[in-house]
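Labels run A, B, C and D following the written order; every chain starts at residue 1.
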Amino acid sequence: MSYFGSQLSPGVAGNQLWALIYISIIFAGVSVAVMAMNWLERKALAHFQVRLGPMRVGPHGLLQPIADALKLLLKEDIIPAEADQFVFWIAPLIGLLASFTVYTVVPFGPSQAVSDMNIGILFMLGVSSLGVLGIVMAGWASNSHYPLIGALRSSAQMVSYEVAMGLAVVSAILMTSLNESGTGTLSMIEIVRAQQQQGIWFIFKFFPLGLIAFVIFAIAMVAETNRAPFDLAEAESELTAGFHTEYSGLRWSLFMLAEYAAMIAVSSIAVTLWLGGWMRPFPNALSAPAWEFLFSLFPALTFGGLAGIGFLGAARMPSHSFFKIQRAGLAVFAALLGLLALLLLVIAIAGRNADNSIAARFREGIDYVYWFVLKVAVFMYLFIWYRATWPRYRFDQLMKIGWKVMLPISLGVLIVTAIVGVIVK
Amino acid sequence: MSVPTKPEPANALTNEVSNLDLATSEKPYLDSNELVINMGPQHPATHGVLRVILKLDGEKVLGTECVIGYLHRGVEKIAENRTYTMFNPYVDRMDYVAAVSNGLGYCEAVEKLLNVEAPPRAKYIRVILTELNRIASHQLWLGTHALDIGAMTPLFYTFRDREEILKIFEKYCGARLTTHAFRIGGCQYETYAGFEKEVENYLAFLPPKIDEYEALLTGNRIWLERTKNVGVISAADAIALGVTGPVLRASGVKWDLRKAQPYAAYSDFDFEIPTGKNGDTFDRYMVRMVEMRQSLRIIEQAVGRIPEGPIMAKVPKVIKPAVGEIYHSIEAPKGELGYFIVSDGSTQPYRVRVRPPSFVNLQALDIMVRGMLVADVVAVIGTLDIVLGEVDR
Amino acid sequence: MTEEIKTPAPPPPAGEEKPAAEKAVPPAQAAPPSTPAKAAPPAAPTAAKTPSAAGAATAAPPKPAAHAKPAGPVPVPWSSPLVEKYKRQYGSGLDAQTYLGQNYFSVDRSLIPNILTLLRDEEQFDYCVDVTAVHYPKRDKQFDVIWILYSFARNERVRVKTQIADGESLPSVVPIWATANWLEREVFDMFGIKFDGHPDLKRILLPEGWKGFPLRKDYGILQQDQEWVHINLGIESGQ
Amino acid sequence: MTPGMAPVATPFFFYLLSGLAVLGGVLVITRRNAVHSALALIVTLLAVSGLYLMLYAPFVAGVQIIVYAGGIMVLFLFVIMLVNIERTAKERQFNRIWPAGVLAAVALLGLFVSVYVKGKRLFPDSNLPLPETSNTQQIGVMLYGNYMFSFEIASLLLLVAILGAVIMAKKRI
């Protein structure tokens, strides 16, 4: 338990036990987040489209992801006769592995990360770029034309957008070097710290340079994760289901898991690089203890609000005996949320003094994770919003945007950022 | 009416179409050029059971071949074994999203053969229902077309609004899709109480919804990129290929049977024929969007002055047209829908030939997608607005 | 409904009844007057009928049709400058008639590619609406093949028909109108009429390898290619 | 990697990664299916990048993953997938000059062995100090300072190669 008081991430501190615990927590957390995202996507998309979405399994379909997961687990796992068995079998695992490995360096807080590598961002980009291997292998191993075309599209798309993405990332890293010592960093935690020191999120740095780089990254990350409007690899109207046409059951669900995990991962990169990572809004300007306390109430307020919505929903259910169980379920769910809110409130109040007490440490950690997750959640919502709004790009247009628009702009932003950085220094 | 230029001799269009070498028997070593993929008959974007064999170079389409007939029910053969009246409901099953138009065409053709004319009140009701059906058909087209191009949301909006039309149909004749709304000689049903009110409500209801569709699509950059200069067909090619309806009009030919050879009561109404310039997918989209608004205009004029009077002409109980043959066509939502009926003087038609617009329009797919990408094939199939029930009959 | 603009009031004699008159038309065909009465509305778009006028017009004609069985309108010769011209050119191989205001040529099989080419090139019938056929099993020349043409410039429709025997083929009109490709394939599919020079004459709606031509009159409505069904679907019958 | 972090089971990981790399290498040349070969190559590249990490060269390791495993190999696969695999799989992979290949391999092995045996004399046995901090900056200084010219020459060479490839592949530009 020597680690417990330290301000380092377990990987850096060399504490393997806590690293393992963190890994488990993050793995479970991401899996739950994927399920929540699944539900949220279906619900939000439905409401965009004048529908209700899942309503039957659990109150307001809350248990739908569980039902889906169960169904997928129990489904027959079909491997096409002419498929390359081994590659077909291993492809989803590679995708999953790549998208989950990335989380080792995602900084949910200054010490709330599995590890802090000094090449953190490089590691993230590198490993997430391995995810495409899973798609390519799946497409090829299926031995079918639609998956093959999906895989070809996907690989070309990812390789193209990685370039613009990387250049945008570099321009953010360049900004980290604008300190006294003049040394930048690739470490995810240090990047956030640099923003803290410079007192500005990089999205607002050298306005509009940071914003442009951020926008480029935000576009490229949608392309990287094969989401609408860049979901050509799985364009259902053209390629039925693209690279996973031949997949079913558990293996298919692994692809979905990998896709959503990758979405969360790239959003984490964006949050870390441009949106101040775990930092709450205005940590420098509004640093008085009163402000600190006010902001630390946000987690409790959020869950309280969710609980309130849950109770409202339960109250608004039709008073028919059919809805008895649903109403009760929703009420229990809301009550759980309320309890969580209460717990968070207690922690926030108990840890309001910035001493080194356990409560204060807890409160801090919760704040960090809360703000980080909130920022990531905004991106998740954007992903859904994009999907509901836009048609799909065509392949050549996608390439055109990647190479002829995004690449020059990101290169230009990089150069201008460098020049401005030198001048400012 | 603008007269298009005389079409080129059509050899270039057709000769290559069919000799598609699908059996790529001798592949050179490290051959990476041609990929033959089979799109359909079960495919999300082929609007039913169309099967398109695509020959691709990477993603570029080198040639297509349509394989149709999966939904062939022998409608024309059935017609020869049914009386004129009995065959009437069958026509609804061809273009089932525009069943009212099919019925109108058939009833008018038989009426013409019988040399009777529906009373004016019936004609007005026919116009209102047909135009409502045209809007419903275009809405369904818009939703599925947008879905093909990847925009999910318009589908649900258009279905929501189409529902209101189907409700009117249901109240009028009890059916929503295959309505069998008209009878030979007029209409069977008088309008229900409140019919005019509901239609007028719909007239006020729809324009903001069309604005909504347009807000989602018309100015959308991705939509523009996906539709502009995609699936271009020139006026000359369109005429040579017998393409009709919005597809022809989008190529710049201002030709609409409702104006050119007015039937029912269309000569009473004031409306415009929208045309496009480039004959690309975007023009076809715009033409149909404007057509919806023009249909509303027609309905608005018609519903205000439905004449009083009978709804059924005096037609014999047993329909036995004299020996002879007749061709009658109407402007269905998809194009020229024609019926060629041969009578031998008996109670059953000797031959009924349906000239289906979807069938003929689908022929244009090949020249529209050559040299384009796979994604455009999907867009073009959508923009042709085919209904396989009508293609295969 | 406007094709008949040029048609003057037709003289009573009905001319030779080549067309659909395979089953002898009963002699009592005293009805010609009713034809022009009904089928001559003025030029198209202005033909707004007032309700009363239309009502009066429609009330009359059905009555004779209701009593005397097939006593309907009969085809009358169609005379127009176009017809005169072609008659001079081709003489007896060509006949032009009007039925219920719709004009058609009945031409000899030998004239087929020429007259259609002329109609497109000289008379601007640039749109081939349909190609279809009718089967008359009791006739020597069993099939009527019909081309329905339309001219955008003239806003006029015309039909061209010809008779061929079973087994005879026709020249394809695909070089004239590209649209005829599928339409001819359908005629081939349904009637077994071959078109020479068609780029890809094969079945279109029925599967390849199907035996029989369903729209021939000797093909029963319940009939199907049992062998094909058995081999390809693995069931005894599709009925 | 970072000061304070104890090297974990170094010999074990070294042998594991080396073994993987060698195994991957063997699979690359023995698999008949080109896609399987490419996948084996990816394993080798990843193992090598692990070795880089053990040598305290995280930047090189990261670049190895991004450029080789994530970029180049994807392009490899991209090309291989378009190729008619069935035919390549059926054909004999070894042609008549395989004895020459074996000879070369034996010679290389001999070289390695001799270096290993005489290594002490060739390379002075000195425990080089491990880098205290991230060596990313040092790499940058080297590339854009000391070895600027050769770096630029290399990039020029790559540009020429790209142009050549485009000209050879495109029938018409």
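Here, a residue touches a chain if its C-beta (ideal position, glycine included) is under 8 Å from a C-beta of that chain, and two chains touch if they have at least 3 such contacts.
What you are looking at is a predicted structure, and each value in this text was computed from that prediction instead of being measured.
Engineer: Hey, what chains does chain B share as contacts with chain C?
Structural biologist: Both-contact set = empty.
Engineer: Relative to the centroid of every protein C-alpha atom displayed, which chain's own C-alpha centroid is closest?
Structural biologist: B
Engineer: Computing the C-alpha centre of each chain, which chain sits at the greatest distance from chain C?
Structural biologist: With centres defined by C-alpha atoms, farthest from chain C sits D.
Engineer: Could you please state the distance in Å, as a whole number, between where the Cα atoms of chain B are centred and where those of chain D are centred?
Structural biologist: Averaging C-alpha atoms per chain gives centres 61 Å apart.
Engineer: Distance-wise, how many Å sit between the C-alpha centres of chain A and chain B, to the nearest whole number?
Structural biologist: Taking the mean C-alpha position of each chain, the two centres sit 46 Å apart.
Engineer: Roughly how many whole angstrom separate the Cα centroids of chain A and chain C?
Structural biologist: A distance of 67 Å separates the two centres.
Engineer: Where the CA atoms of chain C average out and where those of chain D average out, how many Å apart are those spots?
Structural biologist: Chain centres of chain C and chain D, defined by C-alpha means, are spaced 76 Å apart.
Engineer: Touching two or more other chains, which residues of chain D qualify?
Structural biologist: 82
Engineer: Give me the residue numbers in chain A that touch at least two other chains, ranges are fine.
Structural biologist: Residues 148, 152 of chain A touch two or more partner chains.
Engineer: If I count partner chains per residue in chain B, which residues reach a count of at least 2?
Structural biologist: In chain B, no residue touches two or more other chains.
Engineer: For the complex, give me every residue of chain B touching chain C.
Structural biologist: 1, 3-4, 6-7, 9-11, 13-15, 17-19, 68-69, 72, 74, 76-78, 80-81, 112-121, 237, 239-243, 253, 255, 259-263, 267-268, 307, 309, 313-316, 320-327, 329, 336, 338, 340, 342-345, 350-351, 353, 355, 359-360, 362-363, 392-393
Engineer: Applying the document's contact rule, which stretches of chain C touch chain B when the two form their complex?
Structural biologist: Touching chain B from chain C are residues 1-2, 19-23, 25, 34-35, 38-39, 44-49, 51, 54-55, 57-59, 61-63, 65-66, 69-75, 99-100, 102, 121, 124, 126-130, 132, 134-135, 146, 148, 152-153, 155, 157, 159, 174-179, 181-183, 186, 190, 199-200, 203-207, 214-215, 217, 219, 221.
Engineer: Write out the stretch or stretches of chain A touching chain B in their complex.
Structural biologist: So the residues of chain A touching chain B come out as 45, 48-51, 145-146, 148-149, 152-153, 228-229, 231-232, 235-240, 387-397.
Engineer: So in the complex, the part of chain B that touches chain A is made up of which residues?
Structural biologist: Going by the criterion above, the answer is residues 35, 37-38, 43-45, 58-59, 146-153, 155-157, 160, 216-217, 220, 222-223, 225-226, 373-378.
Engineer: Okay, in this complex, where on chain A does chain D touch?
Structural biologist: The contact residues of chain A facing chain D are 11-14, 84, 86-87, 116-119, 122-123, 125-127, 129-130, 132-133, 136-137, 139-140, 148, 151-152, 155-156, 158-159, 162, 166, 183, 185-186.
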